[in-house]
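Next up: some structures, all given as structure tokens.
Okay, so chain A shows up in both of these, paired with chain B first and chain C after.
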Partner chain A sequence: MILKILFGAYMLLVIAAAFLYAPPALGLGEISRIIYFHVPLAWVGVLAYLVSMVNSIRYLKRPLAEYDFRAAINAEIGLVFTLLATVTGAIFARGTWGVYWNWDPRQTSIFVLLLIYGAYLVLRSSLEDGEKRARLAAVYSIVAFISVPFLVFIIPRLYVTLHPDPIINQSGQLQMNARMMQVFLASLLGFTGIYWWIYSLQVRLYKVVERLEGQK
Partner chain B sequence: MSDLYAVLLVAAISWLGIFLYLVRLDLRLKKLEQEK
Partner chain C sequence: MGKSCSLWVSRLAALLKKDLLEEFRTRYAINALLMFAVTALVMVSFAVGVNTLSATLHAALLWIILFFASMSGLGRSFVKEEEKNTAPALRLAAPAEVVYVGKLVFNFLIMLVLAALILLLYLFLLNPPLGSPALLVLVIFLGVAGLSGATTILAAIVARAANQGTLLPVLSFPVLLPLLITAINATRVAIEGGGVGDVSQGLLFLVAYGVIIITASLLLFDFVWSD
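This part shows the complex of A and B:
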């Protein structure tokens, strides 16, 4: 529990640093501070989709219900974080472009990503619990993840976009003030910690439910 | 209070809410895990 309390304090420090320690980005103003939340949220989304795909592969290799659960819960977590990244992105867009939504290539690609993983959950809920559903969902999750690098990293770079340069730009260089980079990396670590905490809680809950059902 | 501090306060309070919720879940789960 001490570790968790320390983590809570760490995140409070990260939030304070994002507003008080890091300078606003040149040309973007105070609204640019949202990147310390927007980018880590998007990163956790991609990470959760990756873990979902890995567990889907594990399920196809060895059909254990736990792998299916891990794949499904990661798709859910990924969807929530992607949704939050979309909302924070729209707020960022309002502050810099003047509108919340204008179907910019980045906005369009994240919207397609939401649809793809939304469809994954619809697919799961439309089938009866069982091996067939798990197998179908596993194949869908693997195919869905193939689209992630295209939607997140490739397609937005192929078109003219209003979205600011990603942290690692096209020339492969890191372009950030040192203080901004420190807060950014601390925030990435913190959000990854939140993801891990939620994920482990879900897995623990799954195991408790399995044990209780086994006792019946 | 400036807008910056107001947003900082909202972000910090939101995190505290999420944090306490997760801690509560964690403790309840621990209790369930220890039950035989």
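This part shows the complex of A and C:
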């Protein structure tokens, strides 16, 4: 309980710091503050997909219903985070490039991530509950994951990006000043914490339901 | 080793022969796909009218037709086994990898015939400039190989689910997107008259994509196919 209150206070602090403590990035202005929310959201979106895929592989190796549940719940959480990352990205794009959507390579790749999540959940909903659904969904999750590195590799070769990480992150070195860096890392940690909290709550709920059904 | 290998090949040949014979007798896939391709092409042709299209648009239209033609045709390969309840017999008769490779080769042959017909009709109706025909054929050949490679395992997944008609394009699109983007780009270069050197990376990518997706499918197919 005390941990949760502390975590809530921490997140409030991070949000306040993003607006008050960190200076705006050079050349991007006040709208650059969205980086403290957009990047962590996108990171969690990808992380959840990775966790979902790893649990799919674990399921195929050892068919426990719990692994399937973990894969499915991560897809659901990841979809929400990815959607939020897409929306915050579009707001930033409107502020700096003048349009919400222009099929920038980054927008294309996050859109494909959304499509994969969507397709995965549609596949699950069109199968009946049980072992077959778990297996088919796991296979799809792995097959879809194969296309992701291809996309990351080829799209930037074909189209030029306007995404600001080449501006802020020149030649692989993070060009943020100390204050920006502090808030950025704190926010990354905070959002990963939120993800972990939602995820572990769902797993606990699942285990309680399983146990109650076992007693009947 | 040699004996089991020849058994593998003879099973594969038997499966392929069965599918081809069935297709030859009913002509279901090829007839339906041909009508689909003609309808789509005529629609595009009417919409374009007398305007001349850029190479990018030609490449995009050609691949949109190929993509949807493969979606409506290749889905059948496993659905028909489930519908006629011949799938359990097939499970008994051959190991999973043989079934996968057999269906893959069959789908690839169907798509190759179809792609050739679509390309000829496209040239006939829309009259795109043809810079380097040999490169165009090569790109379509590699693209169709990757397309059938990825679609075969997804079709096997879809055959075991409800609402089969709409599910295959939904599942395939994110998986096929890297392939489609590369193929469209390489097709554009071929129409504009570029050489193999201009798209060597794209061609390499198409080969790599096909090899990886087929390898992964071979590893994973057993989980989809077995009961």
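By definition in this document, the second predicted complex is superposed on the first by the 200 of 216 C-alpha atoms of A that agree within 3 Å, B and C clash if a C-alpha of one lies under 4 Å from a C-alpha of the other, contacts with A are read in each partner's own complex, and residues count from 1 in each chain.
We take it that contacts are C-beta pairs under 8 Å (C-beta built on N, C-alpha and C of every residue); 3 or more make two chains touch, one makes a residue touch a chain.
All values derive from a computational prediction rather than experimental measurement.
Of the two partner chains placed around the shared chain by superposition, chain C is the only one that A:127 touches, whereas chain B remains out of contact. In the superposition on chain A, contact is made by A:142 with chain C only, not with chain B. When both complexes are overlaid on chain A, the residue A:150 reaches chain C alone and has no touch with chain B. Which of chain B and chain C touches more residues of chain A: that partner is C.
By the document's definition of touching, neither partner reaches A:185: not chain B, not chain C. Looking at the shared chain after the overlay, A:25 reaches neither chain B nor chain C. Contacts of A:80 after superposition: neither chain B nor chain C is touched. Residue overlap on chain A between the chain B contacts of one complex and the chain C contacts of the other is empty.
Listed in rising order, the residues of chain A touching chain C in the complex are 60, 112, 115-116, 118-119, 122-123, 126-127, 132, 135-136, 138-140, 142-144, 146-147, 150-151, 154-155, 157-158.
On chain C, the positions that touch chain A within their shared complex are 150, 153-154, 157, 160-163, 167, 170-171, 173-178, 181-182, 185, 201, 205, 209, 212-213, 216-217, 220, 223-224. Contact residues on chain B toward chain A in their complex (touch as defined above): 3-5, 7-8, 11-12, 15-16, 18-19, 22-23, 25-26, 29, 32-33. By the touch rule above, chain A contacts chain B in their complex via residues 1, 4, 8, 11-12, 15-16, 18-20, 30, 37, 194, 197-198, 201, 204-205, 208.
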